[in-house]
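My questions all concern the structure below.
Read from first to last, the chains carry the letters A, B, C and D; within each, the first residue is number 1.
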Amino acid sequence: MVTGLPGAAGVAKLCADYLVKQLKGELFEELYSDAFPPHILIQKDGTVELLRNELYYCKNGKSKNDLIVFTGNTQAVSPEGQYEVANETITQAKRLGVVKLFATAAYVVEKPVETPTVHGAASDVTLIEELKQFGVVPMDTGSITGTNGLLFGVAALQNIPSICLLSETPAYAMPTGRFVVDAKATKALLEVLTRILGIEIDMKPLDEQAKLSEEVIRRMEEIEQRTIDEVRKAAASRAPKGQMYT
Amino acid sequence: MVTGLPGAAGVAKLCADYLVKQLKGELFEELYSDAFPPHILIQKDGTVELLRNELYYCKNGKSKNDLIVFTGNTQAVSPEGQYEVANETITQAKRLGVVKLFATAAYVVEKPVETPTVHGAASDVTLIEELKQFGVVPMDTGSITGTNGLLFGVAALQNIPSICLLSETPAYAMPTGRFVVDAKATKALLEVLTRILGIEIDMKPLDEQAKLSEEVIRRMEEIEQRTIDEVRKAAASRAPKGQMYT
Amino acid sequence: MVTGLPGAAGVAKLCADYLVKQLKGELFEELYSDAFPPHILIQKDGTVELLRNELYYCKNGKSKNDLIVFTGNTQAVSPEGQYEVANETITQAKRLGVVKLFATAAYVVEKPVETPTVHGAASDVTLIEELKQFGVVPMDTGSITGTNGLLFGVAALQNIPSICLLSETPAYAMPTGRFVVDAKATKALLEVLTRILGIEIDMKPLDEQAKLSEEVIRRMEEIEQRTIDEVRKAAASRAPKGQMYT
Amino acid sequence: MVTGLPGAAGVAKLCADYLVKQLKGELFEELYSDAFPPHILIQKDGTVELLRNELYYCKNGKSKNDLIVFTGNTQAVSPEGQYEVANETITQAKRLGVVKLFATAAYVVEKPVETPTVHGAASDVTLIEELKQFGVVPMDTGSITGTNGLLFGVAALQNIPSICLLSETPAYAMPTGRFVVDAKATKALLEVLTRILGIEIDMKPLDEQAKLSEEVIRRMEEIEQRTIDEVRKAAASRAPKGQMYT
């Protein structure tokens, strides 16, 4: 099972969505919850969509195991709701006979990076050693917030061997408050994940999206830098000489 | 069933209230909930009223279907509470044999409009086509927040054909934090809704209220514009020359 | 039954506490709840007290009905918790055969008043008429927030004739964030309440406390006025001439 | 039973952790809850740890009673969750035959102190008298916030003789928002606690940690003082003469 819900820079969700699309995954279960945000979405054709989480089944010809993808258009609001969704999903995973869980997530860094490093954590040390062979850098501190992290932790607690892969992204927010979806970070993560899973998917469409998001992020970085410079200049011109401000 | 709870510019609630009044609807059910805000209201005669939601029955002589109106003086506070009220109401709607649900809502725009456009969404594309014939502009993006949106979405999920009509309003807030009730937006919505329902109601009292609220909104727009102008002038007089502020 | 939980200016709680003390009420039930704030109190002798609500029984020799007082050292935090406490208490009141409920509360005004007016609301209009005969000014608008208001509203909904008495207070907050307990407002309320109940209690200790709190409130009013004056002077000396600020 | 969860200056948690380490406590129960914050922790070896509370069993050769230590890496978020954890733990304590409960906590003071005083509260006055003989200063007012306080209060309510020991600490927050763990305060508390329990533990490692945290706190105090001085100077140079600011 691969999990990816909306989170920083949309990395986890885009991973899951892209896998489903490329592997022609079939939606076989929808999860609705009172714990989701209280609004509905309007689709392009004018019809309504409730917030929900979804399970897709991807028949995998080459590998001995098929793939289940858990994704959706939202995360639960409250801590209780997030635990509930994670617990429910892992219970479901056990029922479906899932033998390994791959959680995806974003690894937020301060500045845009040329080539995003993929960091990793796992339910046990032997999996950590395996990850190193795929170029994944093991984490040794920190925390992973939200349902993407909880799915990974609850799976480990429930004795499902589990791995969390996190791709570096500056996680810029648009003026609207929405994150810029970082397809470049997603691509780096999927390259590692598909090699671990031993599957091949067409990366071209993602590659184009990655170039686009790289451009957007570069521009946002420029705007941010210019703003910082101007604020500094303005502050300098106003500050009484010899004073230090904190 | 027509639904309309308090929300932006009071459009949805006034729609429901006006329908009940004009169609001489009878209150047949009250809904109290721990999820409502924890206060009580005092009425003109000094008696107390709890926050509640209500179901009214409107006998409809001309149409083959009668009308049920769902309204109230409050919305639930928490996401869980809002989902609970929506789920409960739609369960009740199924029990009552409701064949179509019309949710009302506000479509918030930045500036006051001469003639408010009525936007719409629906549970399926054939209903969207029907809406166009009544001059409704189909939405193709965005979200609808709160119980008014959830009622629409949950009805669709529960296979009740459902339509959401949203009327344009600038949704001005009074200095007290309360919305100016926009009767003009309400009137535009009710004109469409009554034509779809094939019923006729006296629009005169609403028309007078609409003129009043148009006047109030025009004045608030003026005040806002004047405030913006003054703040700009003041900022210009203070700003060191050649500096740009963000 | 008389109810009074902590709220604005401590008026309601002091009403309940003073009644219990003067009528030598006996504690016969304690109510603990997960919905109360998560802390414990230390008493003068070093022992611990959990947050709780309490029911006291006051034998009333002169009247045909005895008195039950509902009070405590806290209110529930969440809306759900406040409704839960109110519902639970009124269910208990019905079990105990309560025939009339008197809720106490504060009526917050902007400035200190010489003689606090007691405002009132009730479950039905005949009770409003009775209140007028005791000098109570009927409310005709507004809302009453928190458990003190909900107890009154839920009692009315459950067909217990109920009255809410609210005494005027400026509800000053101390620099620590705690309210100044307004014993003068409390005294005004208790004078009305005891006359309605047909009981007599010794008002002297409350009278002394009332003088003290009047003095404290007078001083806080002075400090506030001086602060406002200074801020205005400072603003005037800084403001560019001819500018208006909003 | 000794309890100590994360809280101000990490005093309570370090008390519990240090006891477990020195007494070679064995973990015999883990408590997971939906009420904990929704994130997971990454350990040094790259493996994942869920937020949880723990019960350790410490065989105590010299004393007639063994020791159970309750600790963990988190506290519940919501009031309801904190009460739930406290209630659950005390129910468990009764089942395990706990005869006395010692809750640990921080007593936050404004400035660093040379020798932290240990304050105390208890379930009854005879325990207060006993505490005095160990140099503990009885509290006579105030409140104790969070699960550390609730465990103490709920134990008392459930008729387990219980004591709360609170050690003085300035509870400085790091720029990251995390508290500086105050090992000096912890040491003062543990010296009292071990004497009451009649056990001996090696204090040397804690002593070194205490010196370190004393140094960190001294520096933070300096930084704070310098910042205050600079802000004052800057304000003085800007302020119009003869004005008083509040």
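Just so it is clear, contacts are C-beta pairs under 8 Å (C-beta built on N, C-alpha and C of every residue); 3 or more make two chains touch, one makes a residue touch a chain.
Please read these numbers as outputs of a predicted model, since none were measured by experiment.
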Interface residue identity across copies chain C, chain D - same or different by half = different
What is the distance, in whole Å, between the centres of chain B and chain D, each centre taken as the mean of its C-alpha atoms?
-> 51
Express in whole angstrom the distance between the two chain centres, defined as the mean CA positions of chain A and chain D.
-> 36
For chain D, jot down the residues that touch at least 2 other chains.
-> none
Arrangement of touching chains [line / ring / star / complete / other] = ring
Contacts from chain A onto chain B in the complex sit at residues 32-50, 77-78, 81, 227, 230-231, 233-234, 237-238
Quick one: in the complex, what on chain D touches chain C?
-> 79-80, 82-84, 87, 120-125, 128, 131, 138-147, 149-150, 152-154, 156-157, 162, 164, 240, 243-246
